[in-house]
Amino acid sequence: MLIVMEKTATPEQIDQVVKVIEGLGCMARPIPGGDRVSIGVLNNKGPVDPALFLGLPGVKEAVPITKPYKLVSRETKAEDTLIRVGEITIGSGYLTIIAGPCAIESDGQAMTIAEHVKKAGAHLFRGGAFKPRTSPYSFQGLGEAGLKILAKVRENTGLPVVTEVMDFQTFDLVEHYADVVQIGTRNMQNFSLLKRAGESYRPILLKRGMAATIDEWLMAAEYIMAQGNHQVILCERGVRTFVHHSRNTLDLSAVPVVKKESHLPIVVDPSHAAGRRDQVLPLSRAAVAANAHGLMVEVHHQPEKALSDGAQSLYPEQFDLLCQQVMAIFNVCGREDSL
Amino acid sequence: MLIVMEKTATPEQIDQVVKVIEGLGCMARPIPGGDRVSIGVLNNKGPVDPALFLGLPGVKEAVPITKPYKLVSRETKAEDTLIRVGEITIGSGYLTIIAGPCAIESDGQAMTIAEHVKKAGAHLFRGGAFKPRTSPYSFQGLGEAGLKILAKVRENTGLPVVTEVMDFQTFDLVEHYADVVQIGTRNMQNFSLLKRAGESYRPILLKRGMAATIDEWLMAAEYIMAQGNHQVILCERGVRTFVHHSRNTLDLSAVPVVKKESHLPIVVDPSHAAGRRDQVLPLSRAAVAANAHGLMVEVHHQPEKALSDGAQSLYPEQFDLLCQQVMAIFNVCGREDSL
Amino acid sequence: MLIVMEKTATPEQIDQVVKVIEGLGCMARPIPGGDRVSIGVLNNKGPVDPALFLGLPGVKEAVPITKPYKLVSRETKAEDTLIRVGEITIGSGYLTIIAGPCAIESDGQAMTIAEHVKKAGAHLFRGGAFKPRTSPYSFQGLGEAGLKILAKVRENTGLPVVTEVMDFQTFDLVEHYADVVQIGTRNMQNFSLLKRAGESYRPILLKRGMAATIDEWLMAAEYIMAQGNHQVILCERGVRTFVHHSRNTLDLSAVPVVKKESHLPIVVDPSHAAGRRDQVLPLSRAAVAANAHGLMVEVHHQPEKALSDGAQSLYPEQFDLLCQQVMAIFNVCGREDSL
Amino acid sequence: MLIVMEKTATPEQIDQVVKVIEGLGCMARPIPGGDRVSIGVLNNKGPVDPALFLGLPGVKEAVPITKPYKLVSRETKAEDTLIRVGEITIGSGYLTIIAGPCAIESDGQAMTIAEHVKKAGAHLFRGGAFKPRTSPYSFQGLGEAGLKILAKVRENTGLPVVTEVMDFQTFDLVEHYADVVQIGTRNMQNFSLLKRAGESYRPILLKRGMAATIDEWLMAAEYIMAQGNHQVILCERGVRTFVHHSRNTLDLSAVPVVKKESHLPIVVDPSHAAGRRDQVLPLSRAAVAANAHGLMVEVHHQPEKALSDGAQSLYPEQFDLLCQQVMAIFNVCGREDSL
């Protein structure tokens, strides 16, 4: 933290800031400048709250210098984290494709799609049993029946399954059936849920919040890791901006930034970013070209009848093309992971 | 819903759209235009998912016409909802001031602040016992001990208390102690929590999500009302934008829009919008001048020692000035609520 | 500027940064911290480009400390700038109301509206002769004929007039007829136009760009002042965000921030922020309550026939109410300008 | 345009809307729905302003249906526009790489970089002679001397040159020296400049505004085309969002959307999107994988000494790698341009 004083700050005001710093058990180091004084805060154990200084008389700005996260940071653990799910590895050097419908609707629907995506090259199957829906009147998912269908899909196809958990109450259940437990965008800062996820024996796929900075997202992962679960997969899915030609704006800069700041794997969900089928293929290729460690894509054999998110679900043959194209890109430039 | 077809759409493509509409139990009404056909969707009971049409061949756009919410809508209930908390009324014709520290830190801290804000004119006392914090290493609140302090404050001052609930597990507890239960920004779309709030016997203060549209916010209120709890107070607290001279950007247009669309009361939290003490007073005056039904303001007698959000907490004497000024504005133009 | 080094930065990398700083004629002051080194840049005359450091090996961040503007800054000139236009004063202690149609359409239209707004209490008349329109096929304004109508309005009513200039070619003409020359949102960073405005003998009303930070906006004013014209009025008119219930999101925090950073007056345009008539009145009241120095409001006696922006133009009787309400608020809390 | 009436709209209010529509020379077609009436506007020649209806009593919404642009639209011209610059073709089926320094600083600097980027595979050379800078105190470009250096670079290397024009006054000059004239982000809605560009005999590279929707961007291109110059190249360069880990957020969805809506070529500028060197390579690969028709990249042999934008300029050897990787991606999936 660096405290920048007003040009007109008095020695008394500077002293008061020094005292507040020392009161926090830190060291204060005033830095006289050309026309104003700044004060460095040293030896802080964790992050210091800028708020403590911003309101003091004579203080112009409080600039955080060190990042607030620890366990997720590459400064704490330099080597990439690889996450094993059955025989699949997620992380540096791999391209993992997760595919399936938005929601599990029936035995037949799930199996039809699962068989198709497996043949096309997907490594994990996704499908929602508990669905967070904007409207209380929309289809809310099959619940436990959906989880049982997922288990059957896994048994029949060998594909590990990813599914979302929405609350503490159903966490045990979801954890029992899922191979990877997903925490959705709207729950990225549901801290109680993050703490429970931190006690889970399953890897957690943590989606970025709709308006979350990377710092906030990594701090959400920190919540999980701080409870002991170090198996976290980050998932970029677009952020909310003024743009309305896509549902969200896919932020591909997040891929190199997360890779620089953290050792955790990062995958990209182009389906929720786009919200429209015709943008999913170009965004998928772009994500792999940006060296994401994987993709999570929605596929449906009858999207016009899907109970949710039909507009962004690929037709099976589009998914075939996607797999071919992204594997080709990965072979060309993804393996070495050179930024 | 209006389905707009491409200029080049074939009769077969138009037929397919009509069939999908009829498959939903709705009526399709094609409208031949100058150079393209549009198709109206009539007799839909609830909102129809545009996604079902967006991916169909020949479809250019799917434009929702009716709003997705029902119970919150002024079209369902024309007269303003008034919410009673003890002897306080929140809603049209009243200006309710909720004030207190960000977090309850101790008996002494809470009582000192409560006595001050009461004298200055506050109607309810606020203070967090369970605190959602970006970092797992920050102060997380006193928990039940904090709730007990709130109860004592109410007993001593007569002020009803507002406090945040973070999860299902502690809902019973919070509901027991609080007069108004707050659902925070990060939980605005924690649908499990909203459903539990819908079963509560307490009024719910529902903060707007950091990047929520008004539709999404009203749909979150709809979740609560759909479970039977019709006592919902909406709270605008700023949205995330590119702007960084304030923590969030206070969206005061939300006040007239919510009042037009819904019968529910709406209050404004200038403290979290600003994130800096020196913007709280002008934003408070602005919110009341925009005819918000109330304010929720953070006050601390020693903000430089506050365990959270000190930078945005007003000094007690600033809060005195705030109360005087907003009451004067309310007297001048707020009472009649003329838009 | 503070250069924050990586934890792993080598002494050689630190040396290189020091050399770059010294190469700029500045002083480098390394600050050893707990676990990383930071390097202060001192004695810089103007702003230093962070870009020069961001790409150097071992550099983690470059944090600007001092603001890039000079002439607009309150640190350069502490007392408020007051701008005289005829007998009107704009700035601290005054509430100036500028009103009129979006575009000048005809003699009769302009005079009808001007007489009305004068009677209601407006101090200046606004109206566009050269109109920046998103579409080349929309009405582009009457050009010089419009300017002549403005001159006639001034002659008949005594109201000074504000009108927009769009380019260098017509600057002389606009400057000749206008009392205050407006530079619009889309031209806020049209630097050639700003330089020309800097040579004008007229006060300039400079609207904030649709996505401009306050720093960028003040730097645009700095362009004008650097050429010698110190009569700049800033105009907040909403910024573009994800929100779509208003055309833009009015950023009222800008008022206290600009007042703190700069000595220039700041007015608010609620009409372009809202884009809808029914939000103009509450936003106007809010702006005055936030202590803006004035308002610029669109009024039309037949908005449904207006050639541009009819939807946001107030009916004359709505403007009457607006004037009464904002004057009442100004009397209650605006005069002393207490933040 | 579809006018949606309130549920409570009276027959008189509906009649009034019909009259306004007919007053515009259009046909009104009321569509009775389940619980409200909508009114279609047919036979409109150009776009109709929703503003004309939004303020009328009984009107709930006015929904534009047809797009406002004509000449840029794929509905007007189905086949892709190819633009020839010397022996280079820009558009569908080609990957065009434009590279060079942000600003022309000297003969030696320009030639050193130009020779390098030519060898690496660039097709055009870029470099600014007139520089739009946020601060009036920053380096503003060499002006005509810079243009002469560009001409020399072209002569020596055979590379056509792209350079920015900032105003009407210098347009003739820039047009004389440049092979492609660039209009920058901040001038995207400088309509006078667009009109002048529409009279130019040079192809125009039109950058997207920092907060422009695709509609606004295409309308800016429409301004140019409406004056007779049909050679427009669109350039996506990132938009302003709440994200601050990159200078802007690259919006790659714009690529498929523009290709669908328009026949004009679209290239991507990853340097200004990122603002940091270490994101340029992944974003470049991503842009080509999303099937952009080209890239515009900043390269400098001594970025730490660059007079502007050094932090985002690639070192020459990074640009070599970029060319290899994007050509490989283009060969894999770009040639067929399959969305």
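Lettered A, B, C and D in written order, each chain numbered from 1.
The rule is simple: contacts are C-beta pairs under 8 Å (C-beta built on N, C-alpha and C of every residue); 3 or more make two chains touch, one makes a residue touch a chain.
Remember, predicted model here, so these are calculated numbers, not experimental data.
In terms of the distance between Cα centroids, chain C is separated most widely from A. With A-D and A-C as the two chain pairs, more C-beta contacts join A-D. Residue numbering shows that chain B and chain C use the same positions for more than half of their mutual interface. Chain centres here are Cα means. That of chain A falls 26 Å from that of chain B. Averaged C-alpha coordinates give centres for chain A and chain D that are 31 Å from one another. As a whole-number value, the distance joining the C-alpha centres of chain A and chain C reads 38 Å. The set of chain C residues that touch two or more partner chains comprises 211, 240-242, 244.
Residues of chain D that touch chain C in their complex: 20, 46-47, 49-56, 68-69, 132-138, 166-169, 186-193, 195, 209-211, 215-216, 219, 222-223, 226, 240, 275-278, 303-304, 306, 308-313. For chain C in complex with chain A, the residues that touch the partner chain are 2, 4, 7, 29, 31, 33-36, 38, 40, 42-44, 61, 63, 65-66, 75, 240-242, 244.
Of all residues in chain D, those touching chain A in their complex are 211, 213-214, 239, 241-246, 249-257, 260, 273-274, 278-279, 281-283, 285-291, 321, 325, 328-329, 332-333, 338-339.
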